[in-house]
């Protein structure tokens, strides 16, 4: 099986007047941990449900492992889902919940028992076989939901914001758990979330969606360093923007004229059209305070606020034209914290390579 | 999964039963009320519709006054039942903790024993040789032989209130339970005394439940005829009794149908008026609960 | 303040005592050695209970009521469940109308319903019998069963249906192995409520009854016969205790599934 695990070709979904999913193209590789990331209402859940078979595309083609499944109902697809609220059958024990899919297929009891035990061991939930869902904690219920899906050895496992109901610490633990599990089992995971940190932590590749459209599909680092649009730049991490007019391209360095700042240098990935206006984005941690190096871009400003967040310090610096930049600096100790204070004038500088050209 | 067929398979059986045994009979009754007589049987055609029965009822005789009296009695019963049940419902909703379920059940149980028997029980108690009288006589308190209360309109009212009381508590209780407790805390926080909080917050918010209870007692009671027979005597006869006779020995189905219809319409109008007066828009939701 | 605290429970207690008093009086007289239902009491006897057991007519009426009750409950529960599933889980045109029609029998005076059914049965030339009584009772039991099952379904996690499909189940498998097991307690509660409604119902029965009486109809007819009345009272006491048992059972079940 060399083709993509899941393929969406020109898929749209309309609910009455509302276009929830607008002509999207996705190809999820086999054995990949693939996330669909976006704010609520962006269409990510609708997309997931179409892959699962609970909704059917209004247009376009859906393929799973090369076979067309556009209109095939959920109970005939080799795809399983972990629901946001787990959807465990309250009247069945853990054992019976996990065994449900196998019983539907009419497998023999001995085979079922074996596979169920295997699945529960995989999610580290042995010893809970006879409990009912109501007797389990949130984290335990979630593992049961996982086991129930995985025991059927589906071609693709779908996860609909499964960690939403858990507290911070448990979430982080489960994120590592899921990643480990996916690598161990080798099944394609399609994971839907609105939490960008979660997506960045776990995924091989991420598709960022907004307003029903797929804006960018890339691995974590690429999404972070080279977001294609302003929305993606803002959604993944914090961004600082300047608006610049392209002046010229000399070798690998492009020069942009930014009002109130002067010339800003960048290292664009491709050709730039001279005279065009574009957004320039710099990440907070790439900005230096009063520590210029040769060849750097720089701009002067006034510190509005300094915020202590534990392992970092955030500075809000107001530029001459009123724009506020966010700078993230490592917390190197008490002296560093008092070095720069609110009201101080500072010079911000950053390397040309840290300037990202972003469309929109 | 969401096949259209499923929906109809689910709806058809109950729908058909309700249509055939509820909607159709009522329609037939409406039609019957316009017939001059039943010549040719209930299904005959070729008769001229007439308003004579309606004229009979509305025009002369005691029919309309009796309907008014029945309605008045029903209003009284419903009102008193609700008023008497309210403190109990309040007690269960606000004052009790763990044993609420038990106490509620205790209250409801009498309602689930036979309505007939409870009415008969009152007949026994209130009669001249009845329990109450003989008990008092036994104690030497009285030697009257006339029945206390029995065979009068008051007996009917008392009996009906007694019969409906446990039932009425339920919707009121449910309505009270739904009141957000934090509203009362806010009221206290803003300086209201407990009584003020009750009057300004609890009472108004409990109204949907009370209205639902009121309507559920009022409507059936307008057509009440059993209690009048058992404890009402001649003076206690109500509108429903006449309808019953017209369909029994006094065979005049068209007239009876007309009277029944007028009663329905009257009740409907009263409910609408009540709804307007009390500005109730979520009556249906309250009933659904 | 403190006095307010005492008033409410006292009022409750007073009301409950008042409610039970007539029933207890009846119970008392069912053991009284004498036909007059008045004080002073004459002495303890179980004659009336024995007489009741020997009274063929009385027992036949009770049996009729039981048979009708079972039939009505079963039919009404099935129909009510179907309607509840449709109402809660599906959209369809005329939903509100259907709901209103389903609930309205509770809001119409039974006198009118009884009269209307009388007209219907005579028009269709259907002989009145226990069957027609059953039909009438089904109509008024349906609102109860629909409401009881629907209120259970409303709290039912919608995702469970999708989860079942996701794991490969067909609609019928889902119904059998997931939905029905979960609403079974509610269905049972509905059955018990419908049975109680039918068993004690008098007005509709009196209009749709044929030659065989149901218990309430029989009781009503016996009111004038003083010498046979204590037997009726004895039977009534037995019935009362049984109804109580059923209602308590229904309550138990409702509480059990609310705890899920």
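Labels A, B and C are assigned to the chains in the order they are written; within every chain, residues are numbered from 1.
Note that a contact is a pair of C-beta atoms (placed from the backbone, for glycine too) under 8 Å apart; a residue touches a chain by one contact, two chains touch by 3 or more.
Nothing here was measured: the structure is a model prediction, and the numbers come from that model.
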Query raised in the report: What chain lies closest to the overall centre, CA atoms only?
Result: C
Requested in this report: Could you work out which chain's C-alpha centre is the most distant one from the centre of chain A?
Outcome: B
Query raised in the report: Between chain B and chain C, what is the separation of their C-alpha centroids in Å?
Result: 17
Requested in this report: Starting from the mean Cα coordinates of chain A and chain C, work out the distance between those two points in Å.
Outcome: 57
Query raised in the report: Taking each chain's centre as its mean C-alpha position, how far apart are chain A and chain B in Å?
Result: 61
Report summary line: Multi-chain touching residues of chain A, meaning two or more other chains, are 73-75
Query raised in the report: Using the touch rule from the top of the page, what residues of chain C touch 2 or more other chains?
Result: 165
Query raised in the report: Using the touch rule from the top of the page, what residues of chain B touch 2 or more other chains?
Result: 1
Query raised in the report: For chain C, which residues count as touching chain B in their complex?
Result: 1, 4-5, 8-9, 11-12, 15-16, 18-20, 22-23, 25-26, 29, 36-40, 78-80, 82-83, 85-86, 90, 92, 98-113, 115-120, 122-124, 135-136, 138-139, 142, 146-147, 151, 165, 171, 196, 200, 202-203, 207, 216, 219-220, 223, 236, 239-240, 243-244, 246-248, 251, 255
Report task. Report the residues of chain C in contact with chain A in the complex, numbered from low to high. Result -> 157, 159-160, 162-170, 173, 178, 181-182, 260
Query raised in the report: If you look only at chain B, which of its residues touch chain C in the complex?
Result: 1-3, 6-7, 10-11, 13-15, 17-19, 21-26, 28-29, 32, 41-43, 84, 87-88, 90-92, 95, 101, 103, 105-110, 112-118, 120-125, 127, 129-131, 133-135, 137-138, 162, 165-166, 194, 215-216, 219-226, 230, 240, 243-244, 247, 253, 256-257, 260, 263-264, 284, 287-289
Query raised in the report: Which positions of chain A touch chain C when the two form their complex?
Result: 52-54, 73-76, 79-81, 83-85, 87-91, 100-101, 104-105, 134, 148-149, 152
